[in-house]
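Reading through the structure tokens given below for one structure.
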């Protein structure tokens, strides 16, 4: 990594320097971990003391922040210090450098169309009539089935398998081990034996989607499994056949969505959430880790958890309540006794 | 895809045409999505209106169905329209075409026996003494360890790893990223440190088993981990060492079965179910999503859910009950007051 | 496998033979499954009858065990029969034989340093400045990103992807399909759209760690995601960015740990446990399957389960309690009636 001056950092992010504009950094760090060659940021007022203690060479601070003590590094004031910090990360510290060209040990069908500046790594297998757009980065050991379309600047890490006819948008990222377009889980019982229902639909992924490592997105039985633009999935997430995940949805690790369910835009699903099949989840809802969604969710802007999913406070009330039952039993027993005593006085 | 006539479709499935036997289709679709070149099916009486509105060129209908309005396409009557539709899917729309031969970039041990009409894709690694039966389709980037046996017409998708000595039956399907025969999770604590217990058993998979993407089937400590015939696993399922999954079991995504448990035939496990180790689950039981099975299940034909797993209705009663506890507390408090009042009158 | 005599087995493990020291075995088995060529062990007094019924050629028995009936095989007395048995397994029945050398179809960057006796399989991709120590076994189809360090005698099975700059200790095992160093799940909402927070930290794994198949260990946002020495993970486990898993922790299958959480040494997490982010879990705690840890755990030596995690007995009491609520409702109703009757007598 090269050296980066406060002057450069301020000019790229539109920040205002206070201190030595020639201070240079070569790494990024948390305020309490960095040294004189680190860039840090200060956003949460709770950690103001770290600004004064930090050894970071350069620190992004909020525009309206006025240090009350001495600070050792150069300060750069910005409306959104964390945003500015991320900008610098993206521009200068991105560990994924762009490559171009087709590795001689990639196997590419003669009918595939690969943009000139795309990169295809070794041990890749690119099927017939595949189209890979410009800037795409296909790391080593990736399979892309016949007829797939891969958008501009897509990044597909090692070991990913994309089955035939999948349509992938621009600026897509799939981390290692993802499987896209495998058969939906469709079997019909016929006299105690399961008959396979061929899965002849496809997967469609819109722009700016990211999938974590080892995710599984099944192809539709018929029609499409859809992940809409801007949606982000963590590792080991399962999306079943014919599911539609709306725009700008966030799904944490190990969550599964069963077949044909529609998840509204801007929903947030915690880790290990289970969503049953054939449901509609209204937009802008948030589900806690391990929630089990078993029915349609018609209202928006709810925070739910539990199985079946309910309001978070109701869930916690239920947990507390179930702990009190044995106490209530005792109290009721006592009341019975007292009533019996009262009764006996009347006899 | 080629064109397929009503005449051909009727003859293959044993259906009876009513309308133009020369109508041709080239795709399959839902009734409300297809066009004049689509084959659809009508099975659920609830959707009868779709038969009249559908633009599908050919529609499978139940034998005893008599349309009450005009239908635009050709009808084919069949005892089981969905079954007939699936037959056509399997025969003419299967996206997985069969290949034969060994790709020059597959690495195959000299002692391996590969049937003449099997297919081995590029970047595969086939170990010593492996036997691959006729019709098997080994897609690219598959590892098959020493001494494995792979049955007839098995289909193994990209990126699958099968460890040594695994025995796989006929008509097996493993979707991309599956791992079969990795070490069971066996460690013995010795003075605060975990000692590895070598896993020297194997995995045995009987005929007609299908595994979804990124499933993990561990080898036995000693003896065998067994998946019996006809059983189907969805994506990301975990089967631990020495587990025995019975015949015709269905396991939905992200479910895990711990070591040495026996699951009876024709059980159905929902998604994200957890089954503890060393249990016996009687046949023909059904478990809801996220159920946690912590004890033996001796009766059959139950529908259970919750952790620990109980009757579905009992579980829901418990959820409702726990919500009512604070109300009961109030009522008991009120009763106490009233009793105190009654008592005071006696004093 | 070669033949192994009782004499040899006794000398390697320090056991004492009673019977024919020339008895030879060629496999290992459970007492009730073995034949005259099998080595078995007897440890649990509950199964004493199996010793007398067993056909095993050689049986490890506890030092203080005196058979009450005739035993067909040769006996070897040992302080810890199971430990001795595992020793024999490791030494003579380990299915993973060590190899050396670099396969001609492995792609290795010119700047990588590979120890002379390490093994690199075909279709591997080893990046720039990677260091692989002596004895390491890199199976086929493994990617190791730029700047990674792999310790001595590490075993990395097929299809594993290790992203750049990961630091892996000695005697490491990663089963097939693991992903190490993929991006942490970091996105900041900016006007309803998620902005990627570049993940520029690394993964550090200390000595003697084992990962099951298809595990995911994310790189840190900044700094390190750490798995400390001796820790063992089962299949499909998720470790998020900046997590620190302490020494000698055991984590069963499908468990997930969210970002920045610290898990104390010698904790045991069951299967499908979910741990929320930014928590501290004290050492020596044990969590049941499907537990959901949502707050800091400050005490040690607890057995907890449920969501939120609580004492195991409290959890079960809550489950039982919630089932009794409708009965309590009835009882309260009855008490009300009786009180009303009593009241009416006073009027």
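Descriptive notes on the structure:
To keep things simple, chains are lettered A, B and C as they appear, and every chain counts its residues starting from 1.
Please note the rule applied: a contact is a pair of C-beta atoms (placed from the backbone, for glycine too) under 8 Å apart; a residue touches a chain by one contact, two chains touch by 3 or more.
All figures in this text were calculated on a predicted structure; none of them were measured in a lab.
At the interface between chain A and chain C, under half of the residue numbers appear on both sides, which makes the contact a different-residue one. To fit its Cα atoms onto chain B, chain A must turn through 120 degrees, a value rounded to the nearest 5.
If you average the Cα atoms of chain A and of chain C, the two centres end up 26 Å apart. Shared contact sites, meaning residues of chain C that touch two or more other chains, fall at 123, 141, 159, 177, 214, 236, 254, 272, 290, 318-319, 321-322, 324-325, 328, 332, 335, 339, 342.
For chain B in complex with chain A, the residues that touch the partner chain are 28-30, 33, 82-83, 86, 89-90, 93-95, 105, 121-123, 139-141, 157-159, 173, 175-177, 210, 212-214, 230, 232, 234-236, 248, 250, 252-254, 266, 271-272, 289-290, 316, 318-319, 321-326, 328-329, 332, 335-336, 339, 342-343, 346. Residues 107, 123, 125, 141, 143, 159, 161, 163-165, 177, 179, 182-183, 185, 187-188, 190, 192-198, 200, 214, 216, 218, 222-223, 236, 238, 240, 254, 256, 258, 272, 274, 276, 290, 292, 294, 306-308, 314, 317-322, 324-325, 328, 331-332, 335, 338-339, 342, 345 of chain A are the ones that touch chain B when the two sit in their complex.
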